[in-house]
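Next come two complexes built around chain A: one with chain B, the other with chain C.
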Partner chain A sequence: MSSSDEHWIRSYGRDQFPHVLVVLGFALYPILLGVLNRTPLASEASAFLPGLTFMIIVLYMGLFAISFDFISGYTGYLSFGHAAFYGTGAYFVVLAANGQVPGVPEGTPFMITMLLGATLAFVVALAIGAVSFRLTGVYFAMLTLGFAQVMYEFIRHWGYVSSNPTEGATIPSGADMSIGVPFVDSLNFAVGRLSGDSFENVLGVGIDVSATMTSYYALGIVVLLSYFVMQRIIHSPFGKVMIAIRENEERARAVGYNVFWYKMGAFATSAFFAAIAGALFAAYAGGASPDNSFYFLVTADALIMAIIGGIGTLAGPLFGALFHEWFEDILSTESDGLSTYLEQLLPESVLTAEVAGLTINDFIGTFLDGRAPLYLGIIFVLFVLFVPNGLLGSIRDRLGGTVSKRLPATLERYRR
Partner chain B sequence: MSVLELEDVHTYYGESHVLQGVSLDVEEQEIVALIGRNGVGKTTTLRSILQLTPPQEGTIRYRGEEIVGKDTHEVSNDGIGWVPEERRMFGYLTVEENIRVAVKPDDDFEAQREYVYSLFPALDEFSEKEARNLSGGQQQMLAIARGMVGQNELLLVDEPSEGLAPMIVDQVVDALETASEDTTMILVEQNFPLAMELADRFYLIDHGTVVESGSTEGVTADDERIRRYLSA
Partner chain C sequence: MLLSTTNLTKQFGGITAVDGVDFTLEDGQLCSVIGPNGAGKTTFFNLITGELEPTFGTIEFDSSDAGTVEITDADPATTARLGLHRSYQITNIFPTVSVLENVRIAAQAHRGNDSWRFWRNVNSFDEHFEEAHAILERIGLANDADIAAQNLSHGEKRSLEIGIALAGDPDVLLLDEPTAGVSSEDIGRLTDLIDDVAADHAIMLIEHNMDIVMDISDRVVVLDNGELIADGVPSEIRESDRVQQAYLGGYGQDDESDESADDSETGVAAG
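Presenting the complex of A and B:
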């Protein structure tokens, strides 16, 4: 691989080159966006590039989709009830912030409640897995879905959560939702859609860091760490057994593995990280409701992201999430999407021109504004039919191995 | 003491009664061939031994110990290896990872790897390649290698020559002969001359029971008792 006299940081950096590139891309993106906003291309940038609020969704939904891929893509067991773990993480931190979790005093740092919530999800997954892993294939998927729906219905009518449990619960405005090192104030950054920390004139170089930006970077670090842990597990002997189970479970048993416990371990681990994603979401959004956490369509989003990004690639679902959210952003008017851009660009006479009884303006409103789910559905179908391995999976097949391993060698070949 | 003894084994797939009282035994260091037409229960016999399709009646003793009712991974850890039909690699793992997965946790991986690569130098060459990208012959070698690394004392080999070009079959035969120096083997093989060449003894199976058995010495396909069962 690499010569032994090379410094380990250099050889590690080269082996991880694609990872470094992606992390740099995410880290520099808000700065790029800020620079573009001061150029004449500002309106194009806000129309065609995902805004920072959408990039934050990319982070926590990306992590959720990665955790879904960890179990579904690597052991071949589709966890259709994965939203149950996302919801567990989200509700745990919300209830803890309200002092409603027995044994967890009000004011416990978010980092700790997040890990406690993830541990709870780990245990819940062991319970669900103990029953569900008795079956395989579509029956396993249906059982996990069933368990998740039971939890969804329960949480929807659980009066303990709030006075109106169908609407969910919110984090009280005074609660400190900070990401960082617990109990060290200077190493904590409050996150939240409106309530996060903001910094002006950072390091005296004239850069202002908005609350959104703080949340973006803080969430990004947790997502990166979580990804790194899952990636290390996949590359460990445990991960190889997970892949062996996916490829041929009978054969894995005949090689001498008690596959039941490997599946349980993988399932619980993926639930742990799904709960981390849910906790990040709740902290950022300032609350959680049954429909945006425990509901089965939340799992469906992760499934779409995983299929588009590449199932069984671990990092792929993050790119699937990026694609998904980028699409949502440009087709909505929430932060100046495509329709706003067209309305500003096209002259009034064109907008009011009638084609077959519809004005162009009506046409934009009907077919573009907020219609992302429609097109995403179509794109999902096209991906399943024509790009079944997804974005990253297809690149992987072209390179003949995992992208992080093979890309540097392939690029090296072109440089000569 | 026999390495393996099957006594009146009955195995079902759902309602279908596939093994209808198979009895056979395998002695130390020999290669025993199971022959017979398609669908008579040869593969099911191997699956019954591995407890992948557990028998409903009868006993299977491995080194004197009853293994019916054990879990497949326990049978495997007792020292019974499997080279399944159609090879069935872990396609997305590299050659080396395929071997690593097959090495038991308390075994010395490095030593096992060296052992396998010394038997099959071709595998060393492709150690970083994902198994799904190997040719049929290379996959079969990897399958045999994987069956051998678990320090298995009994190897169940299912249709090793199926779908391979004649030249590749020769390599596989060499590989099996090398492997048989260290392990006892049960070989399921459609290719009758090949089975007779490799094996010391044979069991002819028809309709889920053993109908003929004996030494392979001098047995040809023209033999009346063989022809009756093998000709379509």
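Presenting the complex of A and C:
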């Protein structure tokens, strides 16, 4: 007993090894990008690796997809209206920053408004769930979708939000959207595409931290904490009941579970974290509009990420989000995509050479430039057909257990 | 009195599936419920556990935890927590989780508010695991604890079906055709298990295999067209003309009989 007690830190570290690897990977990635940018490989790096702005999308969309998976992958109830909660979180912090939420004074720290927004989403989910959980399967999915569409239409025409509600609302330029410990200035970091904190010459070692990088790390910490809370719930007795409901709801009821309240609890919890993701998005983007928060295609993105990453694995959707955004970046129309890279790399004569009446230039423009949704659709179909367990789910099947349990043993085998 | 029904009736539209059944189960009894397909046996079980609501009549249950309660309108989760557990005619388990987890999750349901302790790791509840391991030992699946339930053989799944019902130490077990579709060599094992469980639980058993029914029952009731037409010890039932006519088809009178055990293959029997 005593010998195992001595090494509990080591054994804990070994259990958490894959988590540590992933967190380190995300933490070191901006530094890797920064180093690569100073080497001759700079243009390759920007063409083939996701840029930091895309990595930020990975974080908040990843969290949203994880929260979607929390209810859909673990209880088996597809929440097709999940965007409603994402939108609730986003709009709440935007309206709070404008001082438009009754009872929440202007200047309330973002961390607090974020949690309030998430709590509101929790309550909204209880209301939606009370009606929707009367049905199962596709009918449940359609009901939640219906509720989300009603909220979408409502928010599009609600004049209170802004003078032009179809375009959404913005966070005023002076508002302080900081992630950290509320009321402790030195432990707060402002996030935002344009208005985030930046630091020069950090610790005197000549490293500059841009506003984007600050946002990336600050959002990353919130996403990591949220992930660990959800993971804790999944591994608790409550989480086991969620899985029992997914496996066989009739039997779960017959062994003594009042499944309705467990489903409500799971649904509201997932809504809570969806709203956190929405709040992070709004703080970073400096506002929210109906079409990038409450719209049903936002849920569809989460669904794609969850399927690609592995539905029913909590971390999977994050990797699905990474895959999704990486693809978007490579095939983007912006300056750091594959098409720009090819146009610069290939000589003019090759670009204008005609093959069957089509120049290479036309080919790039037609098949690569901003065509990510097309290929993502194809990849989605291929995943559903051939990799139904997704990236992480398939790795688990290969290892014969969860990655954190099996990876150390597997690595040990290769080391010998 | 452990469980009793008074004038229990269930009508589906114009069809009366269970018709005015007055029935009382005593402590420690193993009572078999027999009858032809469509006689209302499974519907009778569904009424008791709360999966269906009776059209008329009442059900009372003497729970070891809560005393005598009326459970006429109680839902399945409530009757289960009071101590009425059931197994199903068609295997009804948690397929992709481990055999151990199948039983553990059922044990957890009877541990008060443990299931709502979302901040604690499930591995810190040693008692849940101890109970589950003890049950697996009893049903003979201790060596299969870690494999996914869907990978068990059919006979083993039928044992697990009973194991899930055993978790939480019920007062009454309602076993709905535990031997349905089980090969002849596995039937002996299942019968021994039921016999063993009957030592410390009251059991109601729906069964088509007359050898099993006559062998292990303390008492047999016969349903026909939803009505309770006979109630007595196995030997009385075997001799009853009315039962012979309705169901047994010569069982016990003629050794060459075509045993109605074949009916167990046909699936849905009632409702």
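Some points to look at:
We take it that the second predicted complex is superposed on the first by the 410 of 416 C-alpha atoms of A that agree within 3 Å, B and C clash if a C-alpha of one lies under 4 Å from a C-alpha of the other, contacts with A are read in each partner's own complex, and residues count from 1 in each chain.
The rule we apply is simple: a contact is a pair of C-beta atoms (placed from the backbone, for glycine too) under 8 Å apart; a residue touches a chain by one contact, two chains touch by 3 or more.
Keep in mind that what you see is a predicted model, and the values were worked out from it rather than measured.
When both complexes are superposed on chain A, chain B and chain C end up clashing with one another.
Of the two partner chains placed around the shared chain by superposition, neither chain B nor chain C is touched by A:Ile307. Legend: residue contacts after superposition of the two complexes on their common chain; A:Ile233 is shown touching chain C, with no touch to chain B.
Contact with chain B, but none with chain C, is seen for A:Gly400 once the two complexes are overlaid on the shared chain.
Legend: residue contacts after superposition of the two complexes on their common chain; A:Glu247 is shown touching both chain B and chain C.
Of the two partner chains, neither chain B nor chain C is touched by A:Ala84. Using the contact criterion defined above for the overlaid structures, shared-chain residue A:Ala148 touches neither chain B nor chain C, since it reaches no partner. In the superposition on chain A, the residues of chain A contacted by chain B and by chain C overlap at 237, 240-241, 243-244, 247-248, 250-259. Touching chain B in their complex are the following residues of chain A: 237, 240-241, 243-244, 246-248, 250-259, 312, 400-401.
Interface of chain B with chain A (complex): residues 50, 52, 71-73, 76-77, 81-82, 84, 88-94, 97, 100-102, 104, 128-130, 133, 146, 150.
Interface residues of chain A facing chain C in the complex, by the touch rule stated above, are 232-233, 235-241, 243-244, 247-248, 250-259, 262, 265.
Across the interface of their complex, chain A is touched by residues 49, 51, 75-78, 80-81, 85-86, 88, 92-97, 101, 104-106, 108-110, 114-123, 125, 128, 164-165, 167-168 of chain C.
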